[in-house]
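The data blocks that follow each hold one structure.
What follows is chain A paired twice: with chain B in the first complex and chain C in the second.
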Partner chain A sequence: MSNDSQFRTALGRARGLGSAHHGVSAFIVERSTSVALVPLCLWAVYAAIKVAPLGYESAVLMLRQPVNAIMSLLLVGVSFLHMRVGLRVVIEDYVHTPAAKILALLANSTLCWLGWAIATFSILWVAFVGGPVH
Partner chain B sequence: MVQFTLPRNSKITKGKHFPAPEGAKKVKSFKIYRYDPETGANPRWDTFDVAVDQCGPMVLDAILHIKNTMDPSLAFRRSCREGVCGSCAMNIGGRNTLACTHAWDEVPGDAVQISPLPQMPVLKDLIPDLTLFFAQYSSIEPWLHTDTPMPQKEWTQSPQDRAKLDGLYECILCACCTTSCPSYWWNGEKYLGPAALLQAYRWLVDSRDEAIGDRLDDLEDPFKLYRCHTIMNCAQVCPKGLNPAKAIAGIKRMLVERVV
Partner chain C sequence: MAEATSTGKGVRSRPTSPHLQVWRWHVTMAASILTRATGIALYGGAVIAAVWFAALMVGPDAYGPVMILLGSWLGKVVMFGLTFSVFYHLAAGLRHLVWDAGSGFNPHTANMTAVGAMAFALVATIVVWALAIQTGAVR
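Our next item is the complex of A and B:
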């Protein structure tokens, strides 16, 4: 945009395409998911320490309890949401080639949604069916 | 992608060495970035051994001494020589600051290394092109916006409301903060930078202004405002001791207040 004409004035360059009139919602999501991840991660560490020495069967039993299943779902949901918003900012910061930028943004969104879907499906499977997928 | 190495024609070569005059009692080396667009040559580092007992205590004193006695072709901006005009902002010892208020004996290392403010195109030697910087400042419309008919006397303001402008109005637009900001280096065309945003906040918190909503509308943008990642270089280098990062956080807080 800024380089489309060598005769564009400095003020024209500074104003650019104008304001997108959005950004505050992404900011709120970024900050609120950060705060939410503090207790969720503490719970995850606590659960991992508690269940690690007890073996596979105990881990399955633990995830079948509603509180643990819900906490796990929240953890992966909030994590992937936070990752999608955060990585978007990183891509916008460093990738400036238009095609590469669009591809990176699409890949980020796709992989985050995909990761969330697989993780959520797995947790629900263990919670309701109770074993590995055959 | 972001460029991590300098383009071939920007690589800095070794330049000339200007020895101190014979009989100089105290000598300090100044390594200064030189570039002359008219020659088409790459920029170079010139070294000047300055007899600092013959010049004043500030870096600007030393640069003026170099220009007056060693190399009159050295180009730089200066005016007030007391930290008020912001003209002599440059990178001294790896830090953006004002040459007129920074003492040369406070610069660590053997030689005092001086280069123009980072990121901006260089016009000559220590003179950066600040056209876009001032245009970005202009784009936030740094003046009072009112629709109410002009009062017979002045627009009134309580001492408490006036105090809210302290720490904001003192900015001298030297560009030390904006050109020290990595986020501005990566997205300088779209991100307004700390100096312009500090001034945007100065008008947002002015109790006399009637265009807060319009100002916030113009700022709410993933790039113009939200490229600030609270890196804090701006507050570290500000020669006036201001904190642009805090002002930018203030703008973000106002935008949240509007929707929550």
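Our next item is the complex of A and C:
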């Protein structure tokens, strides 16, 4: 790598210890999503209190309102992105056996993408179709 | 860590970070552990949210039982914990953003913001639950 530090020894580089020089994107994703989650989480607490006492029909009507549907989509999308990067750091800190680490990282990604897809599809379904699946 | 150090012949043990067994207990350490713990709790919270959205799509037959479960004794304990987790992780996140900007590192400031984040989370959780009980969200 051309921008590799001049202070790294050839042996150190060959052993692959130290920075891989591509961790910055994960750092930026974690921070930028955390900023977005400040207003989104405050809205989520407010919306949860509003929706909790409602029955099924009223809850559907509430989610069908464009502002609520859009905020829900943003909340779910940004949350699962933040969670995927966040738990990845936890796994990399505590799981050191290569096989277990790879499995844990795959499970994390799978759960996050699956949760995101299920929640997003459900929100869009309720918003556009507006009722139970038949 | 043994796996990581025993792979290469002649490689000296890599330096390890200070960990639970060797660190004296102090408030910034508790704040750090609590940030991770609440983050992992919120992971569960996001799964609950996804189940809730899915139940709303599937219909009253799914939505009813989910709401009964969330309104049960156990459900209330979980939701109370998640409320605290949201507020604590939010405050801890803001603390980290200030650190990323390069300030707030002096020990006195770090101690104060750690206590501040915990106090904020506790007060915000109690206020939100008082509002939730008052508006009929929690019965």
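Note that the second predicted complex is superposed on the first by the 115 of 134 C-alpha atoms of A that agree within 3 Å, B and C clash if a C-alpha of one lies under 4 Å from a C-alpha of the other, contacts with A are read in each partner's own complex, and residues count from 1 in each chain.
Here is the rule we go by: a residue touches a chain if its C-beta (ideal position, glycine included) is under 8 Å from a C-beta of that chain, and two chains touch if they have at least 3 such contacts.
In this text, all values refer to a predicted model and were calculated from it rather than measured experimentally.
Asker: Taking the superposition as given, does A:R15 touch the first partner, chain B, the second, chain C, both, or neither?
Answerer: both
Asker: Go through the superposed model and pick first if A:H96 touches only chain B, second if only chain C, both, or neither.
Answerer: Both partners, chain B and chain C.
Asker: Please tell me which partner, chain B or chain C, touches more residues of chain A.
Answerer: C
Asker: Check chain A for residues that touch chain B in one structure and chain C in the other, and list them.
Answerer: 15, 96-97
Asker: Which of the residues in chain A end up touching chain B in this complex?
Answerer: 1-2, 9-11, 13-16, 18-28, 89, 92-97, 100
Asker: Could you pull out which chain C residues touch chain A in their complex?
Answerer: 1, 3-4, 8, 11, 14, 36, 39-40, 42-43, 46-47, 49-50, 53-54, 56-61, 63-64, 83, 86, 90, 93-94, 96-97, 100, 128, 131-132, 135-139
Asker: Enumerate the contact residues on chain B facing chain A in the complex.
Answerer: Per the stated touch rule, the residues are 1-2, 131-132, 134-136, 138-139, 183, 186-187, 189-190, 192, 217-227, 229, 252, 255-256, 258-260.
Asker: Spell out the residues on chain A that touch chain C in their complex, using ranges where they run on.
Answerer: 15, 17, 31, 34-35, 37-38, 41-42, 44-45, 48-50, 52-53, 56, 59-60, 63, 72, 75-76, 79-80, 83, 86-87, 90, 96-98, 111, 115-116, 118-119, 121-123, 125-126, 131-133
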